[in-house]
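In what follows, subunit A forms one complex with subunit B and a second complex with subunit C.
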Partner chain A sequence: MIVPLLLSILMILAASAAVWMAKPVHAGLSLALTLSIAAVIYLVLGADFIGLVQLMVYVGAVAVLIVFSLLITRRRDEEEERSLRPKALVMGFGCVLPLLAVLAYAVTGGIDIKPDRWEPALPLQELGKALFTDYAPAVLAIGVLLTAVMIGAALFARETRKETK
Partner chain B sequence: MLLEFLKMPAWLVTLGGLAAAAGTVVGVFLGGFALLSLIERKTLARVQNRIGPNRAGPFGIFQPVADGIKMLTKEDIVPAKAEWLLHLLAPILIVVPSILALGVIPYGREWTPVPLELGLLLFFAVGSVTEVAIFMAGWSSGSKFPMLGAMRAISQLVSYEIPLVASALAVVMISGTLSLPEIVAQQGGWTFGFLPQWNIFSPWGLVGGIVFFIAAIAEANRTPFDLPEGESEIVAGHMTEYSGFKYALFFMGEYLGLFAVSGLFITLFLGGWQAPLPFLEFIPSWIWFFGKLAVLIFFFLWIRATYPRVRIDQLMRFAWLFLIPTSLLVTVAAGLWHVTGRGIVSWVVCLPVVAIPWVIAAVIFNRRLAPATRTYHFAE
Partner chain C sequence: MTNPLTILVAASSVLFALGLLAVLTRRNAILILVGVELMLNAANINFIAFWWWNKSDPSHLGPMFVLFAIAIAAAEAAVGLAIILMVFRHTRSTDLNRLNSLRG
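So, the complex of A and B:
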């Protein structure tokens, strides 16, 4: 149990770095580090599939997307960024505190979160079947959502290009 | 049984196994990297009617050694504007995924360094780290050309990863597993007693294999898709500000990536270590694997020697308008192949699904979307 614990501490450090770094690129790279530590935690706990998917989807795709969006969006002054910090801190804790409270309540035994069976390494075929039979509506809904997001992103990119001309 | 025979404690056997696995990957492919750097120069020289390296040793065979010593003793320059930590980490992060990816490929019947259940997924998962590493290299150099090169590299890698993964997905759909040794084992056996049952010998496999191969050239940053480093335009892309051993690491990562993606192509489509004809099965399986690898690598060199580099807009257009739709068709054809029982009927059903849109798309692509013919203003 000691390894996941140490990894969690590392992950919290990386996540705080992602929030605290002044340069957006540093923040993005710290986020990539945070996400890959999460993947390592999954692997250590024996959930191979979810760990590798985490690495592929989040580190590979999301990190690159974050970095790209940072480069495309307006570059904010570092001073301005620092001056915004008190406000950001208050807002951030305001959003996170309820979540933390629920988590603390659950961990201390308030909610019965014990699963039916401890089997993180679910056979892949079962997972696939469940996704495309029981959870098919959810998969379809996410597909529609992502398509909409992609079209929106394309439109957004187009408009900014017109502005620069 | 082996344990009792050798009278070795279990931990020693485990350690020996790990050493053998690591030795395979590091030893074989570092040697291969050195050899390939020489063979590549020799082959290119032959195509271009030159002699190539011939000073160090007979036929220049010690050229890689000389290159290695040169790289190691060169000054390691970190630009004043660079972020030294990211600048240092980037080349390491490029090499590590390639080595990890080489670990899951089955080189012979009983020779898979790390026989993972989710081998194929691991291959693509660690491969996605490369993009972050290239961005780090480009951005941390604190200079224009590396940044441009990194942006090009990332857009290229992200675009060509989709057809690469989609055509690999077709193989997974047919095999029903992500384990690479298992995928190879399923390609064994003979149709009519002598024809191999490799995945490439099916309508979806043929088209999927071609798509995978083209995408693999782009993923490995080889000509004609070597835009990220296009020397004549942007110096050396994300590697511009690197020198000495760090530059050698980039070079190594690129060649190891080439080995890895070729190995995956052989595993998925060319039957891995399987022999091509039944009476040739007496030759050890690993010889077949490395033989196929050598032929494939030579094919890469051949393409590099004969094709000009494409433009960035041609590159992106080719991926998004041709390769990605084709790879999606391949997954449809693979599904039909499975549903119709993988026999003669499947051939009749699957072949038009893949072939007709492919031909139509190719014709349209050639006619409408091809860039205007270049005019050479100063040539007359």
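So, the complex of A and C:
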């Protein structure tokens, strides 16, 4: 019971670093840390496969992609980000605090909590079978989507190169 | 409040709120994308936590959702960053306050 609590606290600390860090690259690295801690939470809860997928796809691909983009787009006048505008903060907290209040009400009042059950992990065989039987259309759709995304991203990159010539 | 499910759901609500705060207050487009990723992860943690809470469900719907959500999030990040980099080549900036004309 203490492990999820500790991991949650660590994850929230890392996420607040990602939100508050002044330098963009530091924020990107904090995002990678947050995602890794989420992967550890999945592993602790018994969803081994999901935790490893999270580590490979999110931390290995998405977070690294974001950090590299931040490095590419880095500029000298970076410290502008450091002066957080009070207006944006007022508006941001004005939107976020009511949302947090509603979520806190739902979490503390709305759930009928059963006793703890620490059961064995996600059966990988069943998951694989389900992916290629019940979820086959969804897998095909994801394949089409990823192909479209790959072509689209390549197209974006090529077109801009032509324009700059 | 000491049940792990409550702790995880509360943590994911805070994570979602932090992501929304990043989206609303950041100016750098890539850091707004970071906020979106945080919100997506909050939803994924909810899926896994409730799947873990109710193991009697044999279809493992929660992990399935997370698997597909991760794939779609990767696609979203790729397209989002491609668009942001294209805008950066145009305007030499990722500051959204400077993107105030539609004709580039």
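Just so it is clear, the second predicted complex is superposed on the first by the 110 of 165 C-alpha atoms of A that agree within 3 Å, B and C clash if a C-alpha of one lies under 4 Å from a C-alpha of the other, contacts with A are read in each partner's own complex, and residues count from 1 in each chain.
Here, contacts are C-beta pairs under 8 Å (C-beta built on N, C-alpha and C of every residue); 3 or more make two chains touch, one makes a residue touch a chain.
Keep in mind that this is a model prediction, so the values were computed, not measured.
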item	value
Touching partner for A:144 - first (subunit B), second (subunit C), both, neither	neither
Touched partner set for A:93, first subunit B, second subunit C, both or neither	second
Touching partner for A:53 - first (subunit B), second (subunit C), both, neither	both
Which superposed partner A:29 touches (first subunit B, second subunit C, both, neither)	first
Subunit A residues touched by each partner, larger count belonging to subunit B or subunit C	C
Touched partner set for A:152, first subunit B, second subunit C, both or neither	second
Where subunit A meets both subunit C and subunit B, residue numbers	49, 53, 61
Residues of subunit A touching subunit B in the complex	25, 29, 32, 36, 39, 48-49, 52-53, 55-56, 59-61, 63-64, 67-68, 71, 124-125
Of all residues in subunit A, those that touch subunit C in their complex	1, 4-5, 8-9, 11-12, 15-16, 18-19, 24, 27-28, 31, 34-35, 38, 41-42, 45-47, 49-50, 53-54, 57-58, 61-62, 65-66, 69-70, 72-73, 75, 80-81, 84-85, 88-89, 91-93, 95-96, 99-100, 103-104, 107-108, 111, 113-114, 116-117, 119, 122-123, 126-127, 130-131, 134-135, 138, 142, 145-146, 149-150, 152-153, 156-157, 159-160, 164
In the complex with subunit A, residue positions of subunit B that touch it	86, 116-118, 121-122, 124-129, 131-132, 135-136, 139, 151, 154, 158, 161, 176-178
Partner subunit A, residues of subunit C touching it in the complex	1-11, 13-22, 24-28, 30-31, 33-35, 37-38, 41, 44-45, 48-49, 51-53, 55, 58-60, 63-64, 66-68, 70-75, 77-79, 81-86, 88-90, 92-95
